[in-house]
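Quick one: the structure is below, questions incoming.
Per-chain residue numbering starts at 1, and chain names A, B, C, D and E are given in the order in which the chains are listed.
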């Protein structure tokens, strides 16, 4: 039993790793295509049919590019930076319940790598480590623009994590658990949290944009101001890791949002499939991914539409707008929950 | 400072309304615009598979014309070289001998005629200067090259081949006083 | 106000300090001594009726043939109130081309004077930072003077024989 | 950066002097340019920053100095037109036609009304193209990348119009001294009508994405402001001056090319900040469009050039058949036409302000001296003052909103 | 158009492209990230090439990298004056191998109309140029042609070329030190 358990997990980990990377790679492709469509263009179409091989070409090119470490840069930190960024982005996917349990070979296989009962705390913990990658990388480059990027990144992440956490607390209040699986299970059918917590969702979504460094909060790397921001001095695959980690982070944070607010793998009419758990699991996974992709689409759609904030305005928005809204929302939710449970 | 004209109108003093202060409506409006564009037809011309039509008077690569009998029009008067602001045209001239009458229309002809296509700015002044209808710009493009030396275009590349003529009648008459 | 009225007004103000005044095309041109230029421009600016409030252009001209007046500084003033332009010229000798800077009157003159210095080597006294602006600092001549060639001597793809040099 | 002798004071580029103690933290110097993505064109600013706050800026220009004025002394009058193309290359036709008008003024040539109206149409198209690119770049520098593509598609249509008219897209070399070498042809008419039909909707759609978007407004309001007094002292003209609230416009002040016939308003701003500059340019695009409509609808019949055989090249057909025309042709090309001795200043309202030509002729084949009043060069020196005290993000959008064109800056 | 096989610089001393070489070269050619060193008029036409009508992104080239470390192709568009020459050379030196240079327009390639004391008469005096695009400014079609020529070059380049003696010699002719390539080997 124990061996099977580990084998299951191993298969799942490898699968997840590949899926995350694959999705991240094709997110770049999709982002470029979507940007092109929005801008009345065609986008990459010469690498393979419809340019479908574009991410592979980019990847190979970056692998073969000269790996450059600037003079006076801290060699080790310079390498560690992108590593941390990539590692933290990837590891969060371990706690995500990707679907209902499968029934195969007479066993019940959980589609979640690590079933920890404080999943959501783990996620926040990892996300806050993520900023170190950018910070260390930007600092180690020994370039002023990189340093600016690093400073902007760290203060931005710290500010937005607060509002993000507070808006997530409301979900924890409603579902009464820190376990992501439990949170998903509590949103059976169409009983999604978004209906109860639209405000928390908006706050969370904005914070997610900021946490993943996406426009309009892409200040750490905004190229019109800081050239490349924290990755100005990076080339080759180290740059690749930085760019990739952004897309992986976007994928993972979309997944978390889908879990917290859109019921994860729940979908209306799922009760009809009660008798066929495997089919339910497959459709559940598909539905979950559909939700993730929709959120990713919105991420990108926003990026190609609106201007970015200025740094002080970003701070202003974080501290003076989002945190108060999240707090008030949390208080109201607390009262309603308490009232509902007849605690007073 | 007092107004200099009576046509002044302040355009940027409209204060932000409450709805605008909420961020979201304007963002949604922008997103609707971009979404509409996703569904629109693409404007891209997929060069080199598709090409755009150039104006008939487009100022591209030069051609040295021949007349109807296949003789070169150029008389090596040097006006084009004088008129060239980039000083890209050089030529040497020679007197036509009797047995060359079928080759050159005028008494004098250009032995060498070179345009440095890398210097050329395609302003069209040489075409304007030519009194013999010899040099014209066409809507063909000068191809890109790997070596700088390959941009000195001699007569071999400039004179139109006798068997495949280049039609420039459109540029001679588009918008001009004399119409065909 | 017309140019002739302007001319009268200027003569009333400065009298014989105006060396020469003529109307060229639609603009009145006055010539002043270099040492007077600053004061006259200052008064033109401050006079309430004339109020030449705007320095449109400042530049130099080189006349190598005219001895003692080789260099000329040309100021284009513009009175918005009267919609009138005025050209003020001051001729300088080549040996010591020096004139008082008008940067304290018009800040916009700063770069224009630097450019004129760069091109002609005219020294503007009292300029806060009279260094080359467009050309390299290492350049050792003032390129707009007539004796200096325009062309870059190092190019290889042109044959000077064909272009009359 | 000028340090005081006490080494404890720091002088800012707006003249303010701060004691070092008032500045917390360390001061850093960063190189903003020459190849920074926000310096569209090449120029360098060495910024002294405290955190992201800019304390001082030292400018270096001249990176693409091409010696226009010297070059113009060596080229005949008609060959200077291609050189003027490369001044403000975002709106080349204005430069071309302004130069032609200057020479016409020197020669004392008056052109038919039709030429004036054609010039107005071409120049206002150029103004639209110029302002479109400037405003779209403001959008890009605030982070809205898509706002570069929508106006550029419209610009592409203007390019097509130029191409129909003169055969080139950007460096147009359009027209001749004395008028145009070609009349509007049927394809041009058709394309212009099509442009007039579709442009307003496309423009307003793009405009709607930015104009009242709070993120954009917050970003641009108060960024790089300059007061009317300071702007005047620095010799601002054009949209940047109008953004500060002064309605100076050469088209109204000294009308040329029959601008007095057209009804248009002069948009002005209030604070002279980036938002004002953006809004003024946007409104000017609308006004230019109105002028084009008026000019096109009232386009007079007649010749498209003045009758000045000494300066206007004869028609090719006449050159082949008519001895007199052939002589004029040679004279014009060789630059042997009689040019009066004299000097003339003419200015037009260019994309960035008063674009002036100071031409001194000694009767020779080329100008004795030609000086360009290049608005960019003149107002760019105010940039340090505009950005001192703001942060890097503001510096970037201020730079794009004052629309410094390197070709015009460095000549 | 010059024949690609004739170019000695690419083939060096008869490198045979292996399958891996070919695959890498193919990938590289489809992912050339440009660094636009746009100074003047040609820069505006280059913007038009990026625009909706021509769309350089079809070649996988819409990701502009303004930092030299990340770019593969230096697109020099516009006049390069003698004052700017050292800056351009510095940018070229900072680019990570492999790198290519596209010289767009008359000014960058030869000085063009500006045969004057202040303009560098062709950037090939300070950095090696791979493809020249004529025109003042070139039409976007020509820029795309030039880019496609670069792609052809990339496709035919052996992975070893950048470490070869010939390449080092080529760079030394421009007084550019090759330090990084050595570190890497």
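We adopt the following convention: contacts are C-beta pairs under 8 Å (C-beta built on N, C-alpha and C of every residue); 3 or more make two chains touch, one makes a residue touch a chain.
Note that the structure is a prediction, hence the values are computed from the model and not measured.
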item	value
Distance-maximising chain from subunit A - centres being C-alpha averages	C
Interface with the most contact pairs, given as the two chains involved	B-D
Innermost chain, taking as reference the mean of every protein Cα atom displayed	D
Between subunit C and subunit B, distance of the C-alpha-averaged centres to the nearest whole Å	39
Whole-Å gap between the CA centroids of subunit B and subunit E	25
Distance between chain centroids, defined by C-alpha means - subunit A, subunit D (Å)	46
Shared interface positions of subunit B, touching two or more other chains	4, 27, 30, 33-34, 37, 42-44, 46, 85, 87, 116, 118-119, 121-123, 148
In subunit E, residues with contacts to at least two other chains	52-53, 55, 58, 64, 66, 83, 110-111, 113, 115-119, 122, 136, 139
Subunit C, residues touching no fewer than two other chains	80, 134-136, 143, 150, 157-158
Listing of all chain pairs that touch each other, if any do	A-B, A-D, A-E, B-C, B-D, B-E, C-D, C-E, D-E
Footprint of subunit D on subunit B - complex, ascending	1, 3-5, 7-13, 16, 20-23, 26-27, 29-30, 33-34, 37, 43, 54-55, 57-59, 79, 82-83, 85, 121-125, 128-129, 131, 133, 137, 171-172, 174-178
Subunit B to subunit C touching residues, read off their complex	4, 81, 87, 90, 116, 118-119, 148, 152
Of all residues in subunit B, those that touch subunit A in their complex	27, 30-31, 33-35, 37-38, 40, 42-44, 46
Sites on subunit D touched by subunit B in the complex	75, 78-83, 85, 146, 150, 153, 160, 163-168, 171, 173, 181-185, 187-188, 205, 208-209, 212-215, 217, 228-229, 232, 243, 245-249, 252-253, 264-270, 275-276, 278-280, 282-283, 313, 315-317, 319-320, 326, 329-330, 333-335
Subunit D - residues contacting subunit A, complex	28, 30, 36-38, 52, 139-146, 149-150, 153, 209-210, 213, 215-216, 218-219, 391-394, 396
